[in-house]
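So that you can tell them apart, the chains are marked A, B, C, D and E in the order they are listed, and the count of residues begins at 1 in each.
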């Protein structure tokens, strides 16, 4: 007869001391910071945490990893889904196997699968970036450019979209077509250089993640335009904070990975034990500029656990 | 004399700055063995390639049965019943001897499976075994890829291949160069037998005794053009060598 | 008789299930031309490869000047002054004739640049031109890659290469197979001249008249082992053919 | 045969007396797949021993097989291309393009939301995926065979272009309504109780490809062209046409993979296939197919698909830290091919 | 020469009378680089005409050259590897690894923050980068030449492994203190008023590589091995040793590229080089080097690096919509090689 894959029912064992964390990408500072905090919290509570990550921010490898995790039956999986639709089926299977699903950073479209989500609103992050840029410009007219990574990357797409739609509200700013960098700093640098050559009125750039910001910063400082063209980056890895400090970058939109990691583990444990958890939490996004640099130090990402 | 089966007129073929054929002409009639001889680099292989559709001459005319034709691919030449054993063999080294023998002419299974393209490997292998025996080819293991065979074994396969499929004319470009004494005789026997069935054979060889023993006529190429024609029965070794080296030039006068 | 320059004893070489050499022995003395003959697939080329370090025999012994040696690479054989013209030529098709002639032995510029590895291309080209002339090789364009040359031209380059560098022994595996009448004579002349300088030459050929005209001794291989040895001056064509085909077996008795 | 020199074979082809036995044994030992196959078995055994509770479970086996199914389709097509001594870097992008075309077609036919579409729409969606894949394959084939541009350049170009086209069509945003029927039947459904439907489909296609490559004239020509394309041409094989057919076949299989991926993930996953080309090439080479053409088997490619898949799953279960995984995977890949290579060299060092 | 058959050449080598002239002309026309070079010139002219204010500016030219410098180093190394009929997929990861090792060494020598480090530390950092690159190159070379594992598998393995190792060393977080002196001199400094120092370094290395490949025994052996490695072995060329040297050279150049990238970006950009391998291979093939070995030039690879770079920059300036860009790039790549191919076939259809 016909049936469904992994349709075996399963109950969560409240005494299961194993947790798994699947981040969005291997070696990404934001996720590393989540991992550090999660490891710390799990150890403090006497739980084992198996941390895995796909090589790239892609759903295929992540769902493969998820398959392996589900087979090894942790009590809960804490995951940053790389696609809000594609991971629904494998996460449904996880749930079917009695594994509590906790979403961090991103969330599935289907709200019925996870017990809780601690997700960032990337669209709002993009909006915040635009607002920060407008503030930095102080009414100065000109062109602005957003640098996306790869088309179809849900997080950066959202950020770019939020940015574009917010900028559109300011008629003195001309939005150039959003360019794709393939997540390579060299490509980002080259695009920014070419844009500078073609649009001397460029006044602002938004880099939707670490690598695009990196490339844009290099191109601008190379052209002697650091500070003249306002650069807003995303995330607050140590290098980015340094750049902000020394004026290569004028603002950063930061999330709070330490809090996400810690809270994620806490909720996972609660869910395993059958305790009630809050279904939905939007994690905060804040804008860091040189002026409020020191007040916001708690948002800086960690480089070492 | 009968009408020529294949005739080439004033073929010119250039490779970059090298002129391999400089107005070469050539004739072959049905039922005869023509030897095409000439020094190294005279253009023999190039002529064969032009006449078997592998290369296109830069100028000149090719006639089959007196009609001008364009041999723009090996398939076109094959359509006229022309087969060729190339000097560089042109075999697929990773395939076994039977697969090479039947390359491009695979036997298919009877029935639907055959219509779908399924090969009858057993039959091909059996027929190949027979065919190789005719040429005295002795192969230690029929499943070894042909690239691993000895030079003579490989050449035998290539020659067997061309002779097996020709219906009107077969070009043999130095078919016996790597063959042992026995195998060489077998090939020459086959050449004679093929000729007796009414087919034409063009034999390229540097072995003059061989040429004189098997050919009916001899055409000599030198520096890319035909310089002499002989009736084999009347030709003497010195004449052939003289024509090849340029000591004697008949065609210019004619 | 002098001590053998090179001696092979009971070499066995298997390729998968194929036994190419089944206890083959072979001897060559300084200053002699030894012809190695045998049917297609008898194992001649395999024997040459074993004796020039290209292949390792599965068992058996190789002695140079009476000392057992291990020829585990072509470089090892070359160290003993042994050079080889292989049947499959072993040239680099994308390089030009001069580059192939000097492959692995490039001439370098004088002085520092040469020490740094810089080649003296002009000098190599000039020397190559001279060398090819000796063999009667006529090349239309010295900058054409060797892969585009005619079969005979290519073979001439390979033969010139081995003869040019040998100091004690040169193996020529069917060196004249693709050569024209004139070029063949040149090669045989060179073989004799080389022999007269005291070097040894091992000539593989399927052309019996050629063998009898140039060789001092003849060794016959059949199905991977030596079946007969002849003194060329006394040997008759029938004996050689008989030994190759198995009609006559001398070695078993001896 | 036209002439009839089949006179008495007075000197029969020399054969070793024990031919059949030797041949079978040596063929097995020398075959490209046995050693890599063995590596696969050893890996499975190893992980089963390490995590018997996790690795050898129905769920894990189902998952391994299902998730490998699209890649397997790509690797099967790639095997044909590589045996002709070509290469196809575009498969991942073609997969995405075909998925997009298929999903958009189904959406359009259902008036914007295909979630509740029926089998008729799904069938048209499948055809759209196959045609979308075939179109890029055909383009690749024409450029490689007719214009004679190196396959690497052609398919690198279409790698970018097909993805660009998919993004143009969707404006870079995934198409997200996929018929629920498709998802629950082909995508995650099983037959015979436990066998996922995707796996059944992939297995059927793979078997057909084996049949095509190893027993038909089409397959024979594929090997011949890769072994010596000039010899193939001189033998009257229509090399140009055949190459076009091979690239088109690969495109069609990539289209099918796109449809499978759509059924499984329920969205077009535009950004997620940039490594598919290297992964499928690696699987094919791991399976013993030579990048220089003329040699290879489908079975080898199947094994080549599963070795990395098993490794990835196994490492996750064994809790190997992510940064160590690529190092370990690299080491195992190299070791597997090394064993295979040594074995083959011992048999036949030509 | 040991024997002396240099007797009177009674039949001199036949030569066309007008040899030198013909040879030069035909050599130019037939050379791989002329047609792709022409395409590059045409593209530059086109974009200059479209955006004279932007394309032909000192700023843009400087930028194009500087940003292509690391990729050029990778492509130069790749040229050697591909001429031997090998391939190296690991260059991007080796670049990252070398950058990480170098940056960490400099940090360690300066007690945690290398920003104000002097030339001594920088020199050690350079050496560390070169050694880091050389180590992976050596490993690749050993596995390819000694263990005889296909280069694709070996370097796909080290592609993952080198990146994994870099991530292990840094925990995935970019090393961020790079000596300011290094950044302002090599990274962004210029000499002779306008020539960026990075470009000078890249040009010197490229010229050295041209010299090495086209005039020395090392280069000759590289071609010989790619053309027929068995012939090279039989000619006494130490094929194994040479292959190891070639892969190591490529590793060293990748290490240098990593150092250049460090100087330019001021950080290790760990996650940003996954496309470098295909980009550099494409540049080499675009420049007329055959993937089957034996044929190729450094100059061609230089042109091959700049065609995509000019296209990318030009499209951004011309305001071509992003999704159209990969499609247009693909079309130009294929067209460039097609022209080149047609020209070469006309000259020499062997």
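Keep this in mind: contacts are C-beta pairs under 8 Å (C-beta built on N, C-alpha and C of every residue); 3 or more make two chains touch, one makes a residue touch a chain.
Quantities reported herein were computed from a predicted structural model and do not represent experimental measurements.
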Contact-graph separation of subunit A and subunit D, given in steps at minimum: 1
Per Cα centroids, the chain farthest from subunit C: A
Chain whose Cα centroid lies at the greatest distance from that of subunit B: A
Approximate Å spacing (C-alpha centroids) for the pair subunit B, subunit E: 46
Rounded Å distance, subunit B centre to subunit C centre (Cα mean): 29
Centroid spacing, where centroids are CA-atom means, of subunit C and subunit E in whole angstrom: 41
Approximate Å spacing (C-alpha centroids) for the pair subunit A, subunit B: 71
Where subunit B touches two or more other chains at once, by residue number: 15-17, 137-141, 148
Numbers and ranges of subunit E residues touching at least 2 other chains: 16, 23, 160, 167, 172, 274, 323, 348, 350
Where subunit A touches two or more other chains, by residue: 26-27, 55-56, 151
Subunit B partner contacts - residues on subunit D that touch it in the complex: 1-3, 5-7, 9-16, 19, 23, 27, 211-212, 215-218, 220, 223-224, 226-228, 230-238, 294-295, 348, 350
Residue ranges of subunit A touching subunit E (in the complex, touch as defined): 25-29, 32, 55-56, 151, 177-180, 182-187, 189-191, 193-198, 210-211, 214-215, 218-219, 221-223, 237-239, 242, 303-305
Residues of subunit D that touch subunit E when the two form their complex: 85, 87, 89, 143, 147-150, 152-154, 156-161, 163-165, 167-168, 171-172, 274, 278, 281-282, 285-286, 290-292, 323-327, 329-331, 333-334, 337-338, 341, 345
Of all residues in subunit B, those that touch subunit C in their complex: 15-19, 38-42, 45, 87-88, 137-141, 144, 148-153, 156, 174, 177-184, 206-209, 241, 244-245
Sites on subunit E touched by subunit A in the complex: 51, 54-55, 57, 59-60, 63-64, 66-67, 70-71, 160, 167, 170-174, 176-177, 188, 261, 264-267, 269-276, 309, 312-314, 316-319, 321-323
